[in-house]
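Could you have a look at this structure, given as structure tokens, before my questions?
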Amino acid sequence: MSARLCVSPDEAVAEVEDGSTVLIGGFGMAGMPVQLIDALIRQGATGLTVVSNNAGNGDTGLAALLAKGRVRKMICSFPRQVDSWVFDGLYREGRIELELVPQGNLAERMRAAGAGIGAFFTPTGAGTPLAEGRETREIDGRLHVLEAPIRGDVALIGAHRADRMGNIVYRKTARNFGPVMATAARSTIVQVHEVVDIGELDPEAVVTPGLYVDKVVAV
Amino acid sequence: MSARLCVSPDEAVAEVEDGSTVLIGGFGMAGMPVQLIDALIRQGATGLTVVSNNAGNGDTGLAALLAKGRVRKMICSFPRQVDSWVFDGLYREGRIELELVPQGNLAERMRAAGAGIGAFFTPTGAGTPLAEGRETREIDGRLHVLEAPIRGDVALIGAHRADRMGNIVYRKTARNFGPVMATAARSTIVQVHEVVDIGELDPEAVVTPGLYVDKVVAV
Amino acid sequence: MSGLTKDEIAALVARDIPPGSYVNLGIGLPTQVADHLVDGSGVVLHTENGMLVMGPRPAEGEHDPDLTNAGKQPVTELPGASYFDSAASFAMMRGGHLDVCVLGAFQVSATGDLANWHTGAADAIPAVGGAMDLAIGARSVFVMMTLFAKDGSPKLVPECTYPLTGVACVTRVYSDLAVFDLVGGEAIVRETFGTTYDDLERRLDVPLRDGTRAPDPPHPSKEIR
Amino acid sequence: MSGLTKDEIAALVARDIPPGSYVNLGIGLPTQVADHLVDGSGVVLHTENGMLVMGPRPAEGEHDPDLTNAGKQPVTELPGASYFDSAASFAMMRGGHLDVCVLGAFQVSATGDLANWHTGAADAIPAVGGAMDLAIGARSVFVMMTLFAKDGSPKLVPECTYPLTGVACVTRVYSDLAVFDLVGGEAIVRETFGTTYDDLERRLDVPLRDGTRAPDPPHPSKEIR
């Protein structure tokens, strides 16, 4: 169904429910949907599972959501950073669950969810502790691990521009997890710097077609 | 390794060997690398397995290659068309082998080859004759079929513009199988309408990065 | 007694596509549905060769060979269009992101099995294209077909005898004589044209239910994700 | 006896990357290799957060928050650059399209096992990032490390005691004291710095072979596809 243009981040995240799995874009702060996360904090949903490459930087964005105690579990590839003190503290105190996923598996498992792939075999992680307990198979002489899709109830994405149909373009390396998360969630919410008229984005350069986008808000 | 700029389609296809698996882009004639195929006919490689969405139109391009008897086996989704008389004749005479693959599996199996996926489960084709003999598994209450990657020795692709590093952009629906085939072959050869200087393509709009491209020729 | 023409069936399908839907129209007869979509309905057309927001056939002399639909016919681009490669296009279809697809059929079973790619005849050249991906991927799969074959045999059947395209995937059948919702192994007759429920019950060998007096036909869809 | 500095190791790695290669430099020490790549070598840098043809750190005051490397440090764009999403970026890595990646390590085994993501300490917060994807994906995996840990224990070992990143994936080790090719369970010593083959044989517990008199070191690589 067509994307809806929201007047505020608060309107955009109004329907997020307690216990949801929330995919949050960004690699560090590049592409992090800070205004949507701030609105989610005001909205109050709790008991969340958050899927994001990192586990928050400094005290804003995802780190602020974590600090409020709203996140039950993080699924990410690289929680430990120089400025990830909020996550570090919660983890050491046993107040947050962590599922560590190799970054490529994180991306590919969300792609699988979006692309209707039931499961896939990958050599990434084979023979390491992160594949423990998973089904394995030798294919062409190489050990592979079976990985399952990661689906979100909601995706929160920071992008550059949208048109009124919800077509999205990103900027430089802030693109990162946005496009794949947009495909993997039941409801995809995108904050952009600017909403332009239909026809103003180059059809050859649209990265996330409006089909994947449920709500757009300019911030 | 960096892409090489070739002076002619003949130079570009000079190294194709007998018995190769050749991925050929195009959906009907849109994106069909006609000049590369003509060069391949002159070059003489035979006993080929060709992977392409269709099995040739009229008497040019892929149809001409088939007419020369160079193709042992076609892997495609839609051989039968109003103007596929060359393939139709060979098939009826038992002079060509056909592996029919649902179009989405064709694309996804080449993506898997390019992306290092050993195999994947998909619901497409489950319970149909095209999945006969394949491993199946019920995932989330739905029957899935295990599909293997399709790799090429060579990919022949028709695109719009390249820069001297081999970055590629396509035009409208002529894009189709080009990008995924570029990732799935050991050697990727691209014909374009125009080669431009490095820096002239928008980095946000490059579809096939030069990393996937071995040879480029302007036609 | 006379049923709908093919064009009237296409108009009926177009009427029932919810505003704002993302829709794929299969090659052949379903392509005609586009002619009946009302401007401003916001219905967006997808073509599996890699495009969203596809427009109608171009004016004479303005054919662009790089811009075709899945039937390789020339089409146009409307504002808001986007292009993508075949893997991305099929990911869209297979991932359950299309609201509706409309397909032709040789046979449909009461449980929603679809047969539309191969008659099984020994000398036929098989071709499947994107039919199997659409059948399992779209949230609602509408079939357009005549209810009876030229030899008089019904095409809505207890079990398909032609090779299958997909299992339990069709949600609704639009035919010249009636519209059926397929739910739980039953075909619920929603509307009839030039015939009656009782007549259909006599002529078809599938579990039927009379839904002609239900108000607004709902839009059945599989919950894919 | 004194070995190479970290910067000298980085220079050595840069020297050995074939012209025209597509290369990923891991976060931390390997990032320094970029400083030693000669202009005109045509070596192209990939960063797993979604870019090819990455340039050096920007001038002071020209940081673009939307343009960083995998270590979240500001970088620049060179002519010929392209951007892509994380799934496409990792498909590139996992599909065997990078010629070389350079990674740091806690330990490497003689059979090429790599341990570089987790010390296994109970209170450590584990973080893996793209290391496991690079380890199995790049055609050649170069490791840069000191040959001995601060406590004097060797880091080139018969079997890794730290949690693994990848199995049989490292093709070459650049250390302060020597360069090793890992082939068939043996570590072939290619060059030594401030030490000798005999000394290394005494201090290391892995099957060594003296390759110091071989001419040009070849560039070992796994055949991935």
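Per-chain numbering from 1; labels A, B, C and D assigned in written order.
Here is the rule we use: a residue touches a chain if its C-beta (ideal position, glycine included) is under 8 Å from a C-beta of that chain, and two chains touch if they have at least 3 such contacts.
For clarity, every value in this text was computed on a predicted model and none was experimentally measured.
Looking at subunit A and subunit C, the chains that touch each of them are B. Interface comparison, B-C versus B-D: the higher count of C-beta contacts falls to B-C. Distance from the centre of subunit D peaks at C, each centre being the average of the chain's Cα atoms. Separation between the centroids of subunit A and subunit D, computed from CA atoms only, is 29 Å.
Subunit B and subunit D have Cα centroids lying 34 Å from one another.
Taking each chain's centre as the mean of its C-alpha atoms, subunit A lies 33 Å from subunit B. Shared contact sites, meaning residues of subunit A that touch two or more other chains, fall at 108, 111, 115-117, 122-124, 170-172, 203-204, 207. Annotation for subunit D: residues touching 2 or more other chains are 77, 83-84, 90-91, 93-94, 136-137. Taken pairwise by the contact criterion, the protein chains fit none of the simple patterns, being neither a path, a ring, a star nor fully connected. Pairwise, the chains that touch each other are A-B, A-C, A-D, B-C, B-D.
Those residues of subunit D that touch subunit A in the complex are listed here as 47-51, 64-68, 72, 77, 83-87, 89-91, 93-94, 113, 118, 123, 125-133, 136-137, 163-167. Against subunit B, the residues of subunit D that register as touching in their complex are 18, 20-22, 42, 44, 46, 52-53, 77, 79-84, 90-99, 136-137, 224-225. The residues of subunit B lying in touch with subunit D in their complex are 1-2, 111, 113-117, 151, 163-165, 167, 183, 186, 198-199, 201, 203-204, 206, 209-212.
Remark: subunit B residues 27-31, 53, 77-81, 84, 87-88, 91-92, 98, 100-108, 110-111, 122-130, 143, 170-180, 207 touch subunit C in the complex.
Remark: subunit A residues 108, 112, 115-124, 137, 139-140, 142, 144, 169-172, 202-205, 207 touch subunit B in the complex.
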